[in-house]
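Below is one structure, written out as structure tokens; comments come after it.
Order of writing sets the labels: A, B, C, D, E and F. Residues in every chain begin at 1.
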Amino acid sequence: MSKKVAVFRKESFNAAHRLFNPDWDDARNEKVFGKCALPNYHGHNYDLIVKVVGKPDRQTGYVMDMKVLSDLIKAEVLERLDHRNLNMDVPEFKDLNPTAENIAVVIYKILRPLIDEKLDMQVRLYETPRNFVEYPVD
Amino acid sequence: MSKKVAVFRKESFNAAHRLFNPDWDDARNEKVFGKCALPNYHGHNYDLIVKVVGKPDRQTGYVMDMKVLSDLIKAEVLERLDHRNLNMDVPEFKDLNPTAENIAVVIYKILRPLIDEKLDMQVRLYETPRNFVEYPVD
Amino acid sequence: MSKKVAVFRKESFNAAHRLFNPDWDDARNEKVFGKCALPNYHGHNYDLIVKVVGKPDRQTGYVMDMKVLSDLIKAEVLERLDHRNLNMDVPEFKDLNPTAENIAVVIYKILRPLIDEKLDMQVRLYETPRNFVEYPVD
Amino acid sequence: MSKKVAVFRKESFNAAHRLFNPDWDDARNEKVFGKCALPNYHGHNYDLIVKVVGKPDRQTGYVMDMKVLSDLIKAEVLERLDHRNLNMDVPEFKDLNPTAENIAVVIYKILRPLIDEKLDMQVRLYETPRNFVEYPVD
Amino acid sequence: MSKKVAVFRKESFNAAHRLFNPDWDDARNEKVFGKCALPNYHGHNYDLIVKVVGKPDRQTGYVMDMKVLSDLIKAEVLERLDHRNLNMDVPEFKDLNPTAENIAVVIYKILRPLIDEKLDMQVRLYETPRNFVEYPVD
Amino acid sequence: MSKKVAVFRKESFNAAHRLFNPDWDDARNEKVFGKCALPNYHGHNYDLIVKVVGKPDRQTGYVMDMKVLSDLIKAEVLERLDHRNLNMDVPEFKDLNPTAENIAVVIYKILRPLIDEKLDMQVRLYETPRNFVEYPVD
């Protein structure tokens, strides 16, 4: 077998956040971000799906061991984000608004260097079952 | 038709919270509540299912109009809890730990007086797809 | 083993319906039933869960063979309701408004005589993932 | 950040339809479309996911405000299709069979001109949890 | 607060099984159990929901710490059943057909002595999303 | 209409399997495959989604009749894999480890010759809700 297969691993974390731009006043933040800008934070059960693409290994039949991928996501992403306040506790969001788009990019930047560079990678992040994002897009 | 039917309406809200007992020190709070006691809050997509039981009306075929129930939940529960910090923004949790159990009881107490007393009522609250509660229990 | 177990089987059907009371004029129907009263029908993917309660048979370990229950639901309920217009095609709704409550009662009345009277039975019907009903209720 | 992110918003609507080709007789329609050709319509809970692709705005962190996208879908798509009979009530299906494929194309044509042309767009439509379509495909 | 609340914890395991009665010949087993009697086993992703009912503790707001319940299910149930062949590897099914009904009863018997006797307990087990059981029933 | 639409059909099957490389000893198999290498098999509820891409037919509005695709998947894939032991009962896995990756490739090779070559095809296979694969990619 020589063609590529995509494998996906889903993990979950629960975090608080609020959306706002510190360069704007409260009125403008509320106008743009609505209830998401409320000052005391709200939160979500985020579902994270990491996609890894490559050729299955002949000896294992695995593109990548999903247990290894799961452990990596837990150690590197969930350990930093789960049960945290994204704005207050996570350095990457010190000057970056924690929208779903930006969280997905941050997670990608954390994981990408830790996965074999021969393998392609993509992140899908569900903020709610009705709002989700993917990064990167070709 | 004279027998009772149960009707259920599901709504959702997103909120931040932390679990802790103000009478305890940080070490004991962390021992009991683990990551849920972290000081800067985390959050959830809560799914709320309200069950109402009674005899369907002969003219409408409704136990209770689900649109009316939905509007009631939105006006009385979601307006107070959605995109809020349960500990900081919701008076009922000023001295009450916002566990799923206690949130369900609070929601029940808000809605029960607003629904026809001939109808029975129960609340189911999902904190995550793997953790949920029901109140009251017979 | 002598205690009772509940077994559940889920099936699905797709049907059209509208809600209205023929004794009322259009204005009152629209006021009570809103968009559900629109004259040309709308429709749903109904999910039906039939619950059967009894003692497992010693030789099979079954309360009731779920394959038998599934076949019964398909033959007696889905054959009549699936891909139908509930108001126009189903005699039970000739003079009965096809609310979720009434559909659940109709399905119960169809199935109850066909299942061993030693077994208790209950119907849960999802009209949408956010609106559902159960019949009967103790 | 300069790379593209995809954002997705899910909405739902309930509609009636039937599948048939008016150039064919009943026998051929029944042969090709089976129960979907039954004359009095059936219906579905359609789930619609709209995907929008672009670079996140530096000031908001949004590719597109999901609230704006949600409002747009509700105003332009759900207002026309929700609780309607697709064959009878929706002009686009006067001479077009309302298969999931064609409904997805119609929804795309409604929304595409209303979304910034710098952003790519795709529609996914679930007719049932087991039957769904995407348009366009690269 | 003095009224009872029900709390639910969901866990999952993957197991192989086959259904048959060793007192019957192959023909009768195939007649009764169909494909479930095939000799080389098949399998399922079982979803297990454990319900515990009691009064929330005044100091914690918990009926029972869901983390403790989760750890208990993992240690006592998943450790024995997950990634196992129920017929071959699990002593309880040496002479007991591993139907969903019987698996639920076995899980209940494992967990019941380990949970405070002041608390009521019930098990729900999904063999598939369309076949599930509950034990005990009042 | 001249552009391509993707249609998707989801089916399910239940199978037993174990993961191991016959060229390795037990210790190495356990090290690499963990509990998945346990000798007496475990199992899964596999969800299979087959994607077919092409231009909708002008007369039917179908890319491919989903009923035909469903029947094809049932006759050619489920008939071979459902309620089977993948290692013991399915010739394709005699010398091929039944990882999700390899199962997806085997299903693709079964179905590809049976579907019009003008239509593109892809397989997505869920081993659990948290582990899934797609083949081919790009």
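Note that in this section a contact is a pair of C-beta atoms (placed from the backbone, for glycine too) under 8 Å apart; a residue touches a chain by one contact, two chains touch by 3 or more.
Computed from a predicted structure; not experimentally measured.
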Contact-graph separation of subunit B and subunit D, given in steps at minimum: 2
Any chain that touches subunit B and subunit A: none
Centroid comparison with subunit C (C-alpha atoms), farthest chain: A
Centroid-based (C-alpha) most distant chain relative to subunit F: B
Averaged-CA centre spacing for the pair subunit C and subunit A, given as whole angstrom: 41
Between subunit B and subunit C, centroid-to-centroid distance (C-alpha), Å: 28
Multi-partner residues of subunit E (each touching 2 or more other chains): 129
Every chain pair in contact, whichever chains are involved: A-B, A-D, A-F, B-C, B-E, C-D, C-E, D-F, E-F
Of subunit B, residues touching subunit C in the complex: 1, 3-11, 53, 56, 59-63, 65-67, 70
Touch list for subunit C against partner subunit D, complex: 12, 14-17, 35-36, 38, 40-45, 82-85, 88-89, 128-129
Contacting residues of subunit D [partner subunit F, same complex]: 19, 21, 23, 32-34, 96-102, 104-105, 129-137
